[in-house]
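Look for chain A in each of the two complexes below; its partner is chain B in the first and chain C in the second.
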Partner chain A sequence: MKLENFIILFIVIPMGSGVIGVFLKERVRIARVLGVMSFLATASLAIGLLIHLRSHPTGILVSQMGAWPAPYGISVVFDSLSGLLLAASSLVALACYVHSFSTVEPIAEKRYFHPMVQLLMFGVNLAFLTGDLFNLFVSFEIMLMASYCLLTFGGTRLQMTQAYKYVLLNLVGSTLFVIGAGLVYGMTGTLNFADLALFVSKRQAEGRSLPPGFAALSISLLLVFGLKGAIFPLWFWLPDTYYTCNVSIAGLFAGMLTKVGIYAIARTFPMIFAHGNSDANRIVMPLLAVSAAFTMFLGVLGAVSHHNIRRILAVHVISQVGYMVFGLALMTGVALAGCLFYMIQHMVVKSCLFLCCGIMERHTGTDDLEKSGGLLKRDWYLGVVFFIAAMSLVGLPPLSGFFGKLVIIREGWESKWWLSIFGLLTGALTLLSMLKIWGYAFWSPSAKAIERTPQNMSNTSSLRPAYVGATLLVLVALFLGFGAQPVYDIAFRAGNQLVNPDEYISAVLGPHALDELTQYRQQEATRLAAAAAVEVMP
Partner chain B sequence: MTIILSICVAVVFAVSLYLMTGRELKSIAMGVFLLGHAANLSIIAMSRTPVRHEPQLLKGAPILTSSFDPAHPMNSIVDPLPQALILTAIVIGFAVMAFLLSLLVLTSRKAGTLNLEQLGTVATQDD
Partner chain C sequence: MTISSPVLRNSMRLILPLTLLYALYAMLKGHNEPGGGFIGGMIFATAICTYRMSHGFAAQLRLMPIHPRYLIFLGLGMALGTSAIPLLFGYPFLRSAVGEFHLPFSAHPFHYASAMAFDLGVMLVVVGVAVGMITQLSEELE
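Moving on to the complex of A and B:
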């Protein structure tokens, strides 16, 4: 069996188990087993393929749906970028799903909770794998639809008065995306990423400018993806959203939703919409740089000002997204590799913190820092897990956050030193807000609220799945810290392939797609050499 | 044909933006739905001449055609891709519309109002 045929399993497994899960409405135990099996299967498949592809010449696997050739059919592409993200997202989903066994209400579980989680991951996996812009839109819609449902599970008054903001905002974003996709098709006649990249590279090799309005198109798509990714002027929806839903689901959202937006920017902008030295590039790059500075710094200031564990963590997501945008704003191969590594480690670590927050809420009955305390004495294991995750988020060596920030900040020091300074400052403030949670919740003497909570409410038997989930993520975070080298090998390859898309184009469109392009490039090179020779002659 | 379509797009956009500036959630929802229709119309309007950089199979194909020239059959074929895009977008739009309307019904039951200002005060009371 060809290796390419395995790719579609990433999409089929969650979709299938989601559909089957609908019929297992009353059989909670079977539905749980099915869900865990599904996430285990996708995670092990992703890791297996990544290890196998290390010796592959390009590391890109392409599957053409229905064997229709590339620009006309639907291509599903598994490369180093999507592979790393798929592995991380499946592991995070597994952990959050296991954690939810001890936090989700029994009544919600009988109302299609399990299928919704599967369908959310179906959308996320499709977004990471798809090879064209319109399927990216479709996968966003699948993911968002599932996230609307998960957000309003339970239907409390607080949820209902907050949910409409998220739904309406994302609807407007999706509509803008449809218009953007239509414009791309109208201007270039294709929606396939590889074909678009070939179009842009060809135009640049020929020395012709891109179609008029291409820069405006880039910016409107940046707006759409930025809204999903919660970058600087577009992040206002995020804190309210993560505040109202179930804590395991908040952990899943914190891991997945913003990363899909950042992934969409990383996939399309270096390759197509801001490739090389175009007008679009000259407009998009400063926008990204300014947005990165504001996202990092304002996000962390917001986190410092809050006094609620969940709010602190939610606002922190924004500040960390800033580092990823920083990597994107540099748009070199190394910086994109750093951005990718940071995305993975942030998925794992941030979800882990949310899962810890869920256990802390069960112990104290509240997520208000003023009312909690004495947790270290009550549950030292939770303290250890939380401390490792928090210090990974801050970026203390040798934990995973350090390696993410190191590469991005070092790469930025040459060209955009002011952004690097913002990054370092943000790191310090992150430490401050994590120490705030640590000091209030774990170190301070036991408060009254915690004494009122009966011991049996937080007994370990009902919380066991929650500990399993948090432990799994902390182990992955430790692996990312101590085993950063093999992960970075794959990430560097992904970064280089984004900046220089020739390998991606020839993998998707076939090896002959590049013939014309290399011809243009050779002509250009001989012309330049001749011009240089003429200049030297007199 | 394109000019008529672009005027349609402009009018639908204007109406949807007007509806979205309202203070009632119902009118905002209607505005969002109309925005979706405007997007679909704009895809039709833009899809007239695909400028593929490969062999131009369908260059100049009119989007709505009634004349069929047997000598050049390719000239009267409409580029099918925008239709496929719009069809998908419409189907997704249906699902989202159904979800949003049921969400609004639930919200009005729980909060007792769909006015944005009153919703804000209800939310703070709950805290």
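Moving on to the complex of A and C:
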């Protein structure tokens, strides 16, 4: 039994349970059990593999589909980066899915709600695992198809209007993506990430420039990934989308969808498009830096100005994405590790806040801050969960957000101090907006809206799954805070492998792939040494 | 949408079996030559949809007594099953088993690959999607 073959289970399990789930349309209870089992299985598989691979020399597992060798076939790669993201995303999906048992309408369950959640995670897992650009596109499409369905379950006018914009925008993005992938193939003759990284490293070692237009191509792919990741000029679709759908689904989307875009940048840019000291690098880096500043700061200003819990949380996603782009814009091993840690902690914490928001809406019957209040007296447990999650988001030490921000901001202080100042300022404003929710909804005296709520709206027994989901995520968030060290050990490894892709290349393409490259590098080194010797001589 | 034309109704007797056969041919040919599950499925769906145009939805249900929606997931399950079986034998996902066997009345050995079952799954998905979409759209028209 080879371990490599089994990383495909991350894709087989959700896809299989999605397919079976379709035939369980009338048996809601069995469908739910199946879904929970599927997410539990992928989460435990990811965590188990991560622990197992800590003693592995590179920590990379590669499976070649159909045993076709690497640049020609499809490679599926499990490394530290994808492993951490898979573990976090499976846990978030599990929590949001359990939470949805108390929020989803029975009609949606009859309309294939359960299979769609599974298929969404099928796409997300494939995106994290795939080893080539075209399959990344495919996984984006799978994920988007499922998200279109999940957005429009209610079929209301408002949902349709928002979904229409979302579909249109993503169609444009996908078209650009597939054109970009075609151009990459035309320029380099390969789509495999490892092969592309080898191509770029080889060109740089030889001192030859990259093909003309490579920089423009990388900008167009940055545009696509930025659109999915909601970075500065491309974030306008996000707040409205999360506002209209079911709250558990909004939590799932807030955790997953933007992170997949950021993951795509983290996977392709340090290794390929902005590797080393290329033209693309000189154009992309300032773009990313400026975009990070705007994303962080404008996002949080938007959050401060809103007066509706769900909108505040949704706009906050944007501002937090800014920190991840900040990490990407530095593009050092440490900064990328910080970015990765921030991604997983943000997935967990942000989804947890959305799940809390779902319970709050059920208690007060509204998500308008002006009308709600007195929640702390009514439900102290929810208050505790919300407070821990909110403070993790703000980044109060010893909670998880602190460790993410600490690494990114400290790493940025040397080279881009102005970005770090933006980061600190954004943190302060984040605190302000979280305290706004806390003050209005939890601390203020109980408002009249609560008395008007029908009794069955906040019937506690139907809310039990919702509490389970939120509790699970807050426990994970606490673990990320108090157990940051083991997670960071894996994250640093991932960051270093992104900046220096030699290990990734030799894992995917075989040990001899690097031979030629090492030769070039040695020649270059001897040439430099000779030149230095000549300079010293006189 | 049903078109009440005796010419179409009668010629369907010839068109339908021929198109279905051609769809199967295109599907099987796809292993080494242009063709395959996708294009076979498209041709198959064309045949079903033309039949529906001439004979109506009730007749289509008699011909294909399952809602097209379920075909999509049957096909997906079939493709997934075929590609996951190699895992049990220690091979990577999607690995195809190939071999040959002799047919009783043929001099040539028949070359088979388990990828054919995968292709059949693809075909079912395509038929399900194409027929399903047209069913949905024409239901809205009617």
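General observations
In this section, the second predicted complex is superposed on the first by the 535 of 538 C-alpha atoms of A that agree within 3 Å, B and C clash if a C-alpha of one lies under 4 Å from a C-alpha of the other, contacts with A are read in each partner's own complex, and residues count from 1 in each chain.
By our rule, a residue touches a chain if its C-beta (ideal position, glycine included) is under 8 Å from a C-beta of that chain, and two chains touch if they have at least 3 such contacts.
The model shown is predicted, which means the values in this text are computed figures rather than measured ones.
Model built by superposing both complexes on chain A: chain B and chain C fit together without a clash. Within the superposed three-chain model, A:F23 lies in touch with chain C and out of touch with chain B [touch as defined at top].
Rounded in steps of 10, the angle chain B-chain A-chain C defined by Cα centres in the superposition reads 40°.
Of the two partner chains, chain B is the only one touched by A:G189; chain C is not. When both complexes are overlaid on chain A, the residue A:V499 reaches neither chain B nor chain C. Of the two partner chains placed around the shared chain by superposition, chain B is the only one that A:F134 touches, whereas chain C remains out of contact. With both structures placed on the common chain, the touch criterion links A:L431 to neither chain B nor chain C. By the touch criterion defined above, A:L396 lies against neither chain B nor chain C after alignment on the C-alpha atoms of chain A.
Between chain B and chain C, it is B that contacts the larger number of residues in chain A. In the superposed model, A:T175 makes contact with chain B only, not with chain C. Of all C-alpha pairs linking chain B and chain C after the chain A fit, the shortest spans 7 Å. Overlap of the chain B and chain C contact sets on chain A: empty, with no shared residue. The touching residues of chain A, when paired with chain C in their complex, are 1-2, 4-6, 8, 12, 15-16, 19-20, 22-23, 63-67, 74, 76, 115. Of all residues in chain A, those touching chain B in their complex are 71, 134, 137-138, 141, 145, 148-149, 152, 155-158, 160-164, 167-168, 171-172, 174-176, 178-179, 181-183, 185-191, 199, 202, 211. On the chain C side of its complex with chain A, the touching residues are 70, 73, 76-77, 80, 84, 87, 90-96.
Within the complex formed with chain A, the chain B residues making contact are 25, 28-29, 32, 35-36, 38-40, 42-43, 46-47, 50-54, 81-82, 85, 88-89, 92, 95-96, 99-100, 103-104, 106-107, 110-111, 119, 122-123, 126-127.
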